[in-house]
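Each structure below appears as structure tokens.
Two complexes follow with chain A in common, the first pairing it with chain B and the second with chain C.
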Partner chain A sequence: MTRHLPAILFLLPLGLAICLPLIGIKHREWCRPLSIGVLAAMVPVSFANLVGVLQNGTIQYDFGGWAAPVGIEWVADGLASVMTVALSLVGLVCITFLSSVLFPYLGSRIVPFYTLVLLLIASLTGMVFAGDLFNLFVFLEVSALCAYALVGLAGGKALVAGFRYLILGTFGASLYLLGVGYLYAETGTLNMADLAQRVPSLVASKAFAVGVLFMFIGLGIKMALVPLHGWLPDAYTYAPDRVSPMLASLVTKVALYGWIRIMFWVLGAQAVVYQIRLLVLVGILGALAALVGAFLALSQVEIKRMFAYGGLSHIGLVLVGISLGNQTGFVGGVFYLLNDAVMQAGLFFWAGGIIHLYGVRNIEDLSRLHGGAGWMSVALVVLALSMIGIPPTGGFFGKWYIILGAVDSRNYLAIVSVLIATLLTLAYFIKLFERIFRDRSAPQPPLTREVPLAVRISLGATSVAVILLGVMSDHIIRFLLNTAVPPGL
Partner chain B sequence: MKQMHDSLIVQTMSRLLIPLAQLFSLYVLFFGQYGPGGGFVAGVIWTTSMILTFLVYGLKSPQGRLVELVLHGDGVGLIIFVGVGGLCLIGGGEFLNYANLEILGMDAPSRRYVGILLTQIGVAVDVAVTGISIVLSLAYHDTEQEYDV
Partner chain C sequence: MFEMIGGWLQRPNYIAFVLLFLWGIYIMVTRYNLVKKLIGMYLMQTSVIFFLVTTSAKQGATVPILLSTTEIIQPEVYANPLPHVLTLTAIVVGVATLGVSLALADAIYKKYGSLDEEEILKRLE
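Our next item is the complex of A and B:
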């Protein structure tokens, strides 16, 4: 039975997503509990899958019973299984937040809304398991289509932002597909394991180099790597407040995971494109992204936009970590990726909650809280500690292992970029705290409203999770070192 | 184009063409098992017949009502597809491994035949519904309340 768990994990949200339009004709109010139920069911299944992979080794799942190079294959190895555990846990928390009473009533749109959310989760699961470049593209597109629709749901400015996301995202997906086409023309195969065997003979080929670069730029747009990030800040700022946590924490991270999968499992850690080591290129771009993202976050006035830019800088940090060329750095990067998914979700929960409880969108208006929003402020402090990287939280240990890896490989650019990004992160959070706790100039009396249960649960879960990730970081890092390190590193 | 088309020639010709197109789509669907064709093409052909229906007879006519009714089958095609795949999974094989489709009194080749046919039907239904809903949402944007899916 454990053999089938990857497929079951994917079919759970997909099955409900396609049944919801029929259920929704009669029982609109069932959408919410059913969705939460399915996500809750995904958590034990993903854990069972992880345990199965640890005991019996990598699961190679052949769809339709056709063996790998011919058929479509899913690969559930250590890294993919860890990612799906994170995906289902963060997805569950996000979907709990979706159902908060805070947000305006969706009416009949609730059925397509939950269908899209479930399809998004299903396609992200598919991307994590895909063992085939084209299959990865298909799920990338399904998740992107859901994300465009979810961004545009709010109407008004969100429609423009969603449309821009659609144009740029489609451009990225086309580039990726073109790159896959080049690789297919050179090798005659799309299966990742099969490609990996044929790649070493292609190092001198120009078509291979162009294909790899196209794939990188395509996925770069999807993961919003800094020179290619134009769509992200608007999309996350104007997206419905209940949706942006899910988008921010999952969509770009899984695209980044897709690139990790291709770079290490297909191209190999030593891949060279036109005399440039791919790892060096990715490392420099990552360092740039880490600095520029954090710098731009510092100059924002809107809370959600600031967090969106903060996310860009973290994508850069993960790339810095994985591109160091040693196990410590890679594991640090992956650990930071997991942390970042949790932190981004938490920050956007906070932003959504603040907007709807207190009507505060801009950092300036935060002084209206007068430090009064006790519960929310504590959660923000915990998340900020992790974003900045202060010891008891997960963010610190992620950065710590990235720096350890950088010291090992004597990559001083990486160390400097991580440290400066940390300082900039500290600066923009100080900007927030200054407004919340010090600024008493606002004339209005402090607004106090009861924080709804769903917001408490989701914010509390993410705050506890960043501390847990920090406390258990030693175990998780050792676990990742044993199970999730790519070959040849 | 919400009214019925008033030309007798158009109406008579489409009365002839619509069933023919639908018959041809079924032929493509079943022939797709062994030759070129299959669910996707069959679905597209079926869509064109449906589009012709509501272009000529309008959405208010009994034929047009049928088109609207079809829209509610949005997920049905996928349900068939995933259902067949899931039955294979329950039968002990991989997802969509038709040899494990548990149907009593059938040997492996005919199981595969039935399995592929059913998934193709699922694909055809979904392609047809998607095509119609694209055309409807492009053509009748101002009155979207009527087609609230």
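Our next item is the complex of A and C:
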């Protein structure tokens, strides 16, 4: 039974996504409880899968009974199982938030809306488990199509942002597919494990180098790595406030996970292309992303846009962590990835909450929160502590292990970039706090409004989660070191 | 130099792929009309599909179907079927993308009354 858990985990949201349009014809009001129920059911299944993988080792799930490398295979190893646990937990909190009464009533559009959300979750699960480069492409595209549609749902400016996201995203996907084509032409296989065995004989091949380059540029566009991030700020700013937490916390992070998977499990940690170690290149790109993202966040006036740029810098930090070429750095990077998913979700919950509760979109209007929004302010403080990296939150320990790894490998560029990104993050959060707590020039009386239950739950859950991740970081890091470290590192 | 060009000319299908791919990108970048951008995008996607098919092309090859169970399998006489299967999936993905993108373009047209990107950006402000 435990063998089939990866497939069950995927089929739960997919099955409901297929049934929902039929159920929605008669019982529109069932969409919400059914979707939340399925996401809640994914949590124990993903935990059971994790326990099963820990006890019985990696599950290689062959579809249709065709063994890899001929058939399509899913691989549920330690890292993938940890990622699905995080995915289902964050997904559950996000779907609780997006079904809050705070947001405008969707009417008949509620059915396609929940269908898209469930398809998004299903395809992200598929991306995490995919053991085949082409399968990864298919799920990447399904998740991207859902994301385009969800961004465009808000209408108005979001349509243009969504269209730009679609053009750039499709360009990225085509490049990825082209890279997969090159690799297939060169090796005759698409299976990741099979490909990994053939990689050492290919280091001198030009086609291989170009294919890898195309794949990484494609994935770089999908995960908004800094020079290729043009679509992200607009898309996440104008996306409906109820879905931007889900997009920001899950979509780019899972694309980043795909990058890690290909980088370490297919190419290997020691991969060298044209005398350049790939990890060094990734480290430089990551440092650039960490600094540029944080720097741009500092200069924003819109709250959601600021958080979107903050997310860009955190993707850079994860890349810095995994590029250090030792286990501490890699595990620090992966731990930071998990933290970042939670923090981004929390920050966008907060931004969506204050837009709908108090009508505050820009930082200068934040003074209206002064004195009247205890719940929201406390949640923001906790999340900000983690974003900046102050103990005892998870963000601190992620950065701590990344820096430990950097000290181990004497990579001073990495240390400097992490520290400067931290300072810049501190700076843009101080900008927020100054408006909320110190600005007394507010002309209007402070606003007090009851915070809806779903917003309380989701903000509370993310705030508690970042503290829990920090308090339990020692266990989690040791656990990741035992289960999720790639071969050859 | 001449040998290199001569080598290229022996693979005209790859040259066609590169031209189509770059042409698609060129249209996507230079045209302001959203539908023309989509045409460029679709051309680019199709060129990648063309590339996948052309890697499996072989002169005088046949379909990979065994006519009897006793037949000796000779891989070199068959065309590789796998790229075709990938192509099928990639076409489906491309069609779905085109559908979503046309829906978005239609919604933009209804909202802003124009498909011209500059015009839309002007109205956004």
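Assume the second predicted complex is superposed on the first by the 488 of 489 C-alpha atoms of A that agree within 3 Å, B and C clash if a C-alpha of one lies under 4 Å from a C-alpha of the other, contacts with A are read in each partner's own complex, and residues count from 1 in each chain.
As a convention for this text, a contact is a pair of C-beta atoms (placed from the backbone, for glycine too) under 8 Å apart; a residue touches a chain by one contact, two chains touch by 3 or more.
Because the structure is a prediction, the values reported are computed rather than measured.
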item: Clash-or-fit label for the pair chain B, chain C on chain A; value: fit
item: Which of chain B and chain C A:D62 touches, first, second, both or neither; value: first
item: Which superposed partner A:L145 touches (first chain B, second chain C, both, neither); value: second
item: First (chain B), second (chain C), both or neither touched by A:V51; value: neither
item: Partner chain in contact with A:G181 - chain B first, chain C second, else both or neither; value: second
item: Which partner reaches more residues of chain A (counting touched residues only), chain B or chain C; value: C
item: Partner chain in contact with A:M472 - chain B first, chain C second, else both or neither; value: neither
item: Touched partner set for A:K157, first chain B, second chain C, both or neither; value: second
item: Which superposed partner A:F171 touches (first chain B, second chain C, both, neither); value: second
item: Chain B and chain C, minimum CA distance [Å, superposed model]; value: 6
item: Doubly contacted chain A residues - partners chain C and chain B; value: none
item: In the complex, chain B residues that touch chain A; value: 72, 74-76, 78-79, 82, 85-86, 89, 93-100, 148-149
item: For the chain A and chain B complex, residues of the former touching the latter; value: 4, 7-8, 11, 14-15, 17-22, 25, 61-65, 108, 112
item: Interface residues, chain A side, partner chain C - complex; value: 134, 137-138, 141, 145, 148-149, 152, 155-157, 159-160, 162-163, 166-167, 170-171, 173-174, 177-178, 181, 184-185, 190
item: Chain A contact footprint on chain C (complex, rising order); value: 21, 25, 28, 34, 37, 41, 44-45, 48, 51-52, 55, 82-83, 86, 89-90, 93, 96-97, 100-101, 103-105, 107-108, 111, 120-121, 124
